[in-house]
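Chain nomenclature is as follows: A, B and C, assigned in order of appearance, with residue numbering initiated at 1 for each chain independently.
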Amino acid sequence: MKKSVLSLAVLTALAGLASGAQAQSSVTLFGVLDLNANQIKNGSAGSMKGLSQGALNTSRLGLRGIEDLGGGMSAAFHLEGQINPDNGTVTSVFWNRRSTVSLLGGWGELRLGRDYNPSSRNTYLFEPYIGTSVGTVLNFTLAPTATLGSGATTALRTNNAVAYFLPKGLGGIYGEAMVAPSEGAPGNKYLGARLGYNAGAFDISAAYGTTKTATTNDFKQWNIGASYTLGSVTLKGLYNVHEYGALKQKTTALGASVPMGAGEFRAMVAANKRDGGTAGTGFANGDDSRLLSAGYVHNLSKRTALYGFVGRISNDGSARLTVDGSSPAAMLAGETSSGYQLGITHRF
Amino acid sequence: MKKSVLSLAVLTALAGLASGAQAQSSVTLFGVLDLNANQIKNGSAGSMKGLSQGALNTSRLGLRGIEDLGGGMSAAFHLEGQINPDNGTVTSVFWNRRSTVSLLGGWGELRLGRDYNPSSRNTYLFEPYIGTSVGTVLNFTLAPTATLGSGATTALRTNNAVAYFLPKGLGGIYGEAMVAPSEGAPGNKYLGARLGYNAGAFDISAAYGTTKTATTNDFKQWNIGASYTLGSVTLKGLYNVHEYGALKQKTTALGASVPMGAGEFRAMVAANKRDGGTAGTGFANGDDSRLLSAGYVHNLSKRTALYGFVGRISNDGSARLTVDGSSPAAMLAGETSSGYQLGITHRF
Amino acid sequence: MKKSVLSLAVLTALAGLASGAQAQSSVTLFGVLDLNANQIKNGSAGSMKGLSQGALNTSRLGLRGIEDLGGGMSAAFHLEGQINPDNGTVTSVFWNRRSTVSLLGGWGELRLGRDYNPSSRNTYLFEPYIGTSVGTVLNFTLAPTATLGSGATTALRTNNAVAYFLPKGLGGIYGEAMVAPSEGAPGNKYLGARLGYNAGAFDISAAYGTTKTATTNDFKQWNIGASYTLGSVTLKGLYNVHEYGALKQKTTALGASVPMGAGEFRAMVAANKRDGGTAGTGFANGDDSRLLSAGYVHNLSKRTALYGFVGRISNDGSARLTVDGSSPAAMLAGETSSGYQLGITHRF
């Protein structure tokens, strides 16, 4: 998602830093603006039209750079934060998407700071929407109750993280591990890892993460994802489990993307099953949900695209999940949420 | 006001985007820092000295870019937010001045996001101060009661907007229309348009906008502005009306600007008339205000200028308008507000 | 600390600004990401591990530029704000480190906006840690009670400031003076100056600043600092006094830095003495503290370094100062605070 467009070589002469050894260093300013007209209908909460950001790609602004240290070593940084062009705001955490500094070498990468954790990264990579729109499986895994009421702050990204990434060139094997301290508060202390194998057309990866909470139970996420490209069709599958004490949420998704000329079709079916909670809370046995979604992306260039997405979540029992991740007070348990988004993405 | 200084060509080779068709694409980082020493006297609230930003141009930071899509089409984005160099803060909406993405072609421009709306844009363009300083007519139209207590959020800019701009080359005719949804809250739903004619030395434009509120009354703004350049003197005139139910505010302004060598003189007289409100609230018949202002801008370069502005608002009845747009609790109805600003603007 | 790495010449042709006179103009984007694994033990409040920013250099993002106005004059701006890459946040004042616009000439520099004030700048320059880490003397002078409860907002930086800097080429003499208005609130109105003499290996500077408060007593800071380079060893000494009515805090520090190949060793001893306060508050006679610290910086390049710092503050009487500037509620008066930091700094 880090489509670089404005890539600025470090002008070493001007900066007085000289030396040919740093000729490969660079700093890149990049971003995305994505806006769409949409209509969402959440059961008896009714229908609402709006202009929203981020259906194809989350709108963002970022800076990243890499410095050649010589001897096969590099230092790198990455700052990236969400922007909301519909109303000009940013998120309360300015560089909420990523803020890291890295050392890289033949031995891999040591990365410090805020970033996706291994167990969350292994979800959006294995669905055709890559984590956005009314169609994404994250409408299940990142619903308002993403961490099952555990108070874990690690549903998607983790602060204060020390992460290690395997180097490239291990015959298709890739992986990462992450540890983060509590810094004196519950919900922060994270330990997780991800291991995968990529053989060109076939890619499979599994991940596990655990977060300390204020109780004796840890919040746990584990999953396995795979993708397979057959001709022009790429199939993606994901099985993800969230656990907190007796509470369980199991999500299964199967999607496909098909490039056609300047465009790409996408479609997915997904199911969400919950168990272990008190009846009526939405977390008991039978509080299940199903997602059906499809989309089309039309590329005007490598940087700019038009798109349309449709999604529909039907809920059983006391489940109340929605296609926009909201939790509308007026929507009744078991009702259906659906919507469409028509928009434009521009990357720079 | 978007004086570009640092304009960076997209280095397509580095970014791996290649192709001559994108050679005209660019991303520009721009900004303004404007600080002035000032003294404002608001009737019996007394006099205060300060260092403030934005008398000649609002201090800001921005990024904008345009991509040539081929076939006469372009995609563009614009992010621009106010900064306050006097104390280092930014506004609560980071990109509060503009956050838009556009598609442009021979048919005009489709622009999505947050921006000035047609009815507000037609005010500051037709006064010599272009919306800033102790002299601006916006001290009337954007006073603390800009939308007459209607709760409309569209006094100056509008969120979630879908706007269309006429193309150039229509024989001097220009125009724009905007629609914005309520997104479930009162004060947001806007509909407006602006139509003008520019014949070189003569420019005239009228605009109308209406905003849904929590009551059955809409907040309405309409206005007509004109400018005429005679030799070195440019005259500007504006008539603006705000309406909300029985409440009315009518603003008339007549200004002039005269370039002289590296400098420019500016002067304006304006009158504000209110009607329809309860006696004592500042909105009844006779709660009128008059503004007298003048200024001088001395350009040190195309990017840097020194300036001085003076302004004076005299109030009748229960009116309490001030030259800095504040609403000092200690200032009595009918008192006079006046002040001066001596400062520097630097654009990059 | 403003190590420029990405320095972008103003592309005058693209920006349509042309002219050889502006050929020396430039805008520079710069920043620092500094993260460290650390452990701090604050007496009976116990020990905590964490990942924190800014032990070698405060993490930051900035923009600065200078424009040649011709005739020996220049205009310049500087925007710089802290970032916290450990969790992606920024500070509540976005450009909290500096936001200024300047006019420069043979007569010196006139600088408007938010910046260090003369009396605070004269502290961190005369210690080997330059104001950061568990080792810095700012753990005394910027402790939670930096301005002795006076409500002064000028402990480190000052808003709305008008500052004047002496020009270079005065035979080693340098200096600055600053004035800032109250803008109607106590704790803001500042007046201060700094005067120094630099004779190559020897540098000495004294400063004085006073801030109006809500009481009849001003908050006062004065200090004298000196450095002397003998062979490869640089010695730095500082004596700083804070006063507010009867309350006094006197800080003495003596440090050294020794470059060795690609690295640099640093060490310091410092003492903090307080007097004049009520017994038990930490500000009475005998509520003294001592700091012992050392560090090593290993430069991987001119932009990237690894580092390790250790610091220890022992407190007498009711003093409760800590190596991380925090004020842990559970730490008892007179206890010891100590910690280490192992990290990486990357500048761009």
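Points worth noting:
We take it that a residue touches a chain if its C-beta (ideal position, glycine included) is under 8 Å from a C-beta of that chain, and two chains touch if they have at least 3 such contacts.
Quantities reported herein were computed from a predicted structural model and do not represent experimental measurements.
These two copies of the sequence, subunit B and subunit C, are related by a rotation of 120 degrees on CA atoms, to the nearest 5. Both copies, subunit A and subunit B, contribute mostly unmatched positions to the interface they share, with under half of the numbers common to the two. For this pair, subunit A with subunit B, the centres built from the Cα atoms lie 39 Å apart. Those residues of subunit B in touch with two or more other chains are numbered 8, 29.
Touching subunit C in their complex are the following residues of subunit B: 4-9, 26, 28-29, 31, 33-35, 37, 48-51, 61, 83-90, 300-304, 343-344, 346, 348. Residues 8, 10-11, 14-17, 22, 25, 27, 29, 63, 65, 67, 69-70, 73, 75-77, 79, 81, 93-101, 103, 112-114, 157, 159-162, 180-181, 183-184 of subunit A are the ones that touch subunit C when the two sit in their complex.
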